[in-house]
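Dropping the structure in here first, questions after.
Order as written gives the chain letters A, B, C and D; numbering starts at 1 within each chain.
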Amino acid sequence: MPINEEGAAFKPLIVAFCCNWCSYAGADLAGSSRLNYPVNVKVIRVPCSCRVNPLFILRAFQRGADGVIMCGCHPGDCHYTSGNYFARRRMALLFSMLDYLGIERGRTRVEWVSAAEGAKFANTMNQFAETISALGECRRLEDIRCVESEI
Amino acid sequence: MHADERKEAETIIRASGVNVRKCMKCGKCSATCPNFDEMDIHPHRFVSMVEEGDIFALMQSKSLWRCLSCFACVERCPRGVEPANLIEAVRLEVIRPLAGNRLRPEAIPALLDEKIPQQLIVSAFRKYSK
Amino acid sequence: MKFSYYPGCTLKTRAAELDVAARQAAEALGVIMEELPEWQCCGAVYPIARDELATRLSAVRALDGAKRLKNPLLTLCSACHHVIKRVNNDMQTDDDMRAKVNSYMDLDDPYSGETKVVHYLEMLRDEIGFDKIRERVTQPMKGRRISAYYGCMLLRPSTVMRFDNPENPSILEDFIAALGAEPIRYPYRNECCGGYISIEARDVAREMSRKIMNSAVKRGADTIITACPVCLYNLNENGTGEVPVVYFTELLAESLGVKEPEGGLVHAR
Amino acid sequence: MQKIGVFVCWCGSNIAATVDVEAVAQASLSEPGVVFSTNYQYMCSEGGQSAIRNAIAEHGLTGIVVCACSPRMHEATFRKTAAVAGLNPYMVEIANIREQCSWIHRDKEEGTKKAIILARAAVAKLNRNVPLIAGESQVIKRALVIGGGIAGIQTALDVADAGYEVDIVEKTPTIGGKMAMLDKTFPTLDCAACILTPKMVDASAHEKISLFTYSEVESVSGFVGNFTVNIRKKARGVNSDLCTGCGVCIEKCPSKKAKSEFNQGLCNRSAIYIPFAQAIPNVPVIDRESCIKFQTGKCGVCEKVCTAKAIDYAQEDEIITRQYGAIVLATGFKPISLESYDEFQYNQCPDVITSLEFERICNAAGPTKGKVLRPSDHEPPKTVVFVQCVGSRATVECGKTYCSKICCMYTAKHAMLLREKYPDTEVYVFYIDVRTPGKSFDEFYRRAVEEYGVHYIKGMVGKVAEEDGRLIVQGSDLIADKQVIIEADMVVLAAAIEPDPTARSLGTMFTASMDTNDFFTEAHPKLRPVESPTAGIYLSGLCQGPKDIPDTVAQAGAAASKVIGLLSKDKLVGNPCVAACNEPLCNGCSTCELVCPYGAITYEEHLVVDHGVRETRRVSCVNEAICQGCGACTVTCPSGAMDLKGFTNLQIMAEVDAICR
């Protein structure tokens, strides 16, 4: 496990965008089934995966997130019929651009989690956290002005 | 449970790759077994006894030498438990230590007839000796 | 059509008919069976335990040999097929096993299950096709009533073997029909014959073999065919002796007209 | 500047055990805008809610954050609380510190830290909330019920009795479903037909109910209160208005080799047929696959013999478009295919049958006129073996992981009926567990054992083999620790049940979510059991999960009451979290219109003031009644003019910032 300067074990900060109808409910089910996943995974609820603006993801990396995952309904099961298809295409382009900028592919992910898949949600988060732990901290897009202004 | 027995149980579960907790105790393995009547401990009890860690009794069992590895129990188990794999793992625990062998090379010639295929001797040897 | 061929130890000795007839028939059907230049006994039983490494190696050597020759691996004996197919499956699906075997074998190119394992019957069904075989038959077995005995090794566990429906197989019946004979189905064709138990408890094998043979005979079979030397031994030596038990390849060679008929049905009685 | 109150719930020990609620409340006080914070044992209780109301009044709060369970659970509750206290309900945000914090993290320090951050994110979002007012939409006072089995019929009757119009769409030629096939029903043993057929007649005669049999739902659009559905009426080949149901065509039809679906393939039917005598409507259907006229062009016997001139070979499928306020899914079930269970020889031996086939054999209107005879030789069986859990409770590929729930009871019923009719018949039941939770259920099963002498054997059957015309059943008796061999004449398999295969495509069409077994999921497994998570879609009967007839009828009534509740409203309060266009930024490019799945976006010429310049421009307009608030347009908009109320760019950015700080 990578160790940061203070000597503490590195715990990646992960932002998870979850659609209200499937994935957020899946995350709730993971909770009510008491399935463990890392504490630094923080979920933001959006109505649909297609509400996730690429700017939100850039912002997360800019503010120090180590990984961003977007979860939606399975293809064909979108509550709004087609939102997840838009999301899938947008993310394919965004992730490829982020890769070009040096945000490794492993730091971004799209996963379909239905309301019945609490176990899949927890497993996905565990795996994702593991992948990012191996990649280490992500400072590539960090906004230095933000950091300095806080000092 | 004796500490040695607990260790044996762990070894058996590891080597067999069987998750005994998946068993729902329906008995289809024992219903299916073509050699049921020859066994003192029946396939479904193998599963529950491993679960309970009752290994020494299994290691004494005649069933170890009567399971034919025909995989009928494995095929038909509705929950994918694989009882034959457990029996194999217990059998290995018996024959692996020195002097655990059931079949000795010296004994073979007397058992042969002129038609026995090599494959049969090899399989018996693999199952009964190490 | 070219295959690397793994005969196995018994086919070189007691079950030579199985092997010889298979080669003759393959030649007549235009299939090239190229015996692996080096092979060892497969071990006859699949090492079920996950901590058994050495007993898997000879199968991996055969598989790797075929891989280097870029051929699918053809098997004939049921036990060899069972062992090699399952070890191949381990190499494909069990990361831990694959790593251990490869580090032990130290191959130039690590083996991870690339070779396709094909049983001779699967070759007949999937590569040639029983319809084609029907056309090539010169001595159709008209009027013959033949039962197939599958045994365990080819069918189970079906999730790995993927050979045929494990409870109601039909590949041998289709084969029998292709030769012009009438296939006789009976319920115990996939039950165990007793296998290696006959070395220790012949009476057990006797009971099991008789149940199988009785069931086939009651339905009017005049011959039983099999692909396995142990099955053949048990049915012939421990069965009721009412009908002959022969290898399926013997019938094939015979009906393709590439085998002297007298060698066929009187075998091993 | 907002004046925010933060309310931290303990949820008994559910939250308080792993989150220091006091610390969360204290920490949130340092967040911008927060003027008040507190914690309470059960925020959702009356005490908790009144604490919220008091705090709003006392501190003049402009918004509240509740740190509690999932917003899917109690967001609506707290919005109502806020509204009562005079606060706009959309000035409420929930921080989910139960499902997504206390329940998944064991370490109290870590859990508390995370809860503080989640609260901070909710506060950050709330700082950018604005009051929202929900729009209203019309409710069309008609319901659609998909599926005409007992579930669909009961729901339709209950809704129609309340005075609303109901349409039933049934894919087969008659209503009645699986229940019509049954002989007797447990635990009272009254005959299924006697209790079902009057309901079928009621449904067809009800002035508020329209039946669309031999019809399927083709497509749907719209939303709760206002669905538009296209129904495909498949061509019967018979004009329903002219047909008198005399049955001469069926009698004279020369093609009589088709397997009767209603009799589970145990006997044949003609190409022109009605499924069973009491079918509703009593109008035949031509099965074009087996009709000689359709296959070869020659024949036409039915047309010749029909005095009513009702036969119409040229009839084509018809699409009917109807509007509905509510839709009920009642698509039912079927037994699983036993293709992968050849150890029981189902596909090889005609005397190995499924329980549903046994129902037909027992049924006085069935292929054997109610005499229990072997399909192979029409002889009465002397020994019958029942095998339970065939494909149920199985984790292997070909099975179902769940308990099918009805098999224990109907098997006891079958065993009992057999022993009653034929006291000489020996009856064995192989069971893993006998599960009889239900009123008078266990007593019923015990009667089978104690009074009727049915042999219950705890164990499973491993193999069935046919020898000399008998079925050799090899099973285990776990109590005796023995392998038993029973020579039987008939084997009856209690096959697992699964949702009807049409449910899958309907689920996609209606965006009604399904579980991994293709059962429809309910909005809440306990508290909203007859509603789909999609508004306006309700669930009735077995399509939601295995259940018997009493449970199905109860659920059908419950679904009906929910439908009535919806249809009784004149207007529905919509979701105010809809898209909105910032007109000065909009360049009228139409991209948003292209991605909108509801056609909610149109373009209009509006007077726009842009940097002091007044001009008329083509700008995007959102129809708030149609917009469902998915947000697809907001991301696709190249100029950033589109935003989603309640989930604005700034709100979500603020959450991101708060989480990453």
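Criterion: contacts are C-beta pairs under 8 Å (C-beta built on N, C-alpha and C of every residue); 3 or more make two chains touch, one makes a residue touch a chain.
As the structure is a prediction and not an experimental result, all values here were calculated from the model.
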Chain pair with the higher count of C-beta pairs in contact (B-D, B-C): B-C
Computed distance of Cα centres, chain C from chain A, in Å: 52
Centroid spacing, where centroids are CA-atom means, of chain B and chain C in whole angstrom: 25
Whole-Å separation of chain centres (CA-atom averages), chain B against chain D: 46
Chain C: positions in contact with at least two other chains: 166-167, 191
Two or more partner chains touched - positions in chain D: 343, 463
Every chain pair in contact, whichever chains are involved: A-D, B-C, B-D, C-D
Residues of chain B defined as touching chain D within the complex: 22, 24-33, 36-37, 42, 44-45, 72, 76-80
Residues of chain C that touch chain B when the two form their complex: 8-10, 13-15, 41, 43-46, 48-52, 55, 77, 79, 152, 155-158, 166-167, 191-192, 194-201, 204, 208, 229-230, 232-233, 236-237, 268
Complex interface listing, chain D residues touching chain A: 70-72, 96, 98-100, 103-107, 110-111, 113-114, 117-118, 121, 507-508, 511, 513-516, 521, 533-534, 577, 595, 597-598, 628-632, 634-636, 644, 647, 649, 652-653, 655-657, 659-661
Chain D contact footprint on chain C (complex, rising order): 159, 165-168, 185, 187-188, 191, 215, 218
Residues of chain B touching chain C in the complex: 14-17, 34-35, 38, 65-66, 68-72, 74-75, 84-85, 88-89, 92, 103, 111, 113, 115-124, 126-128
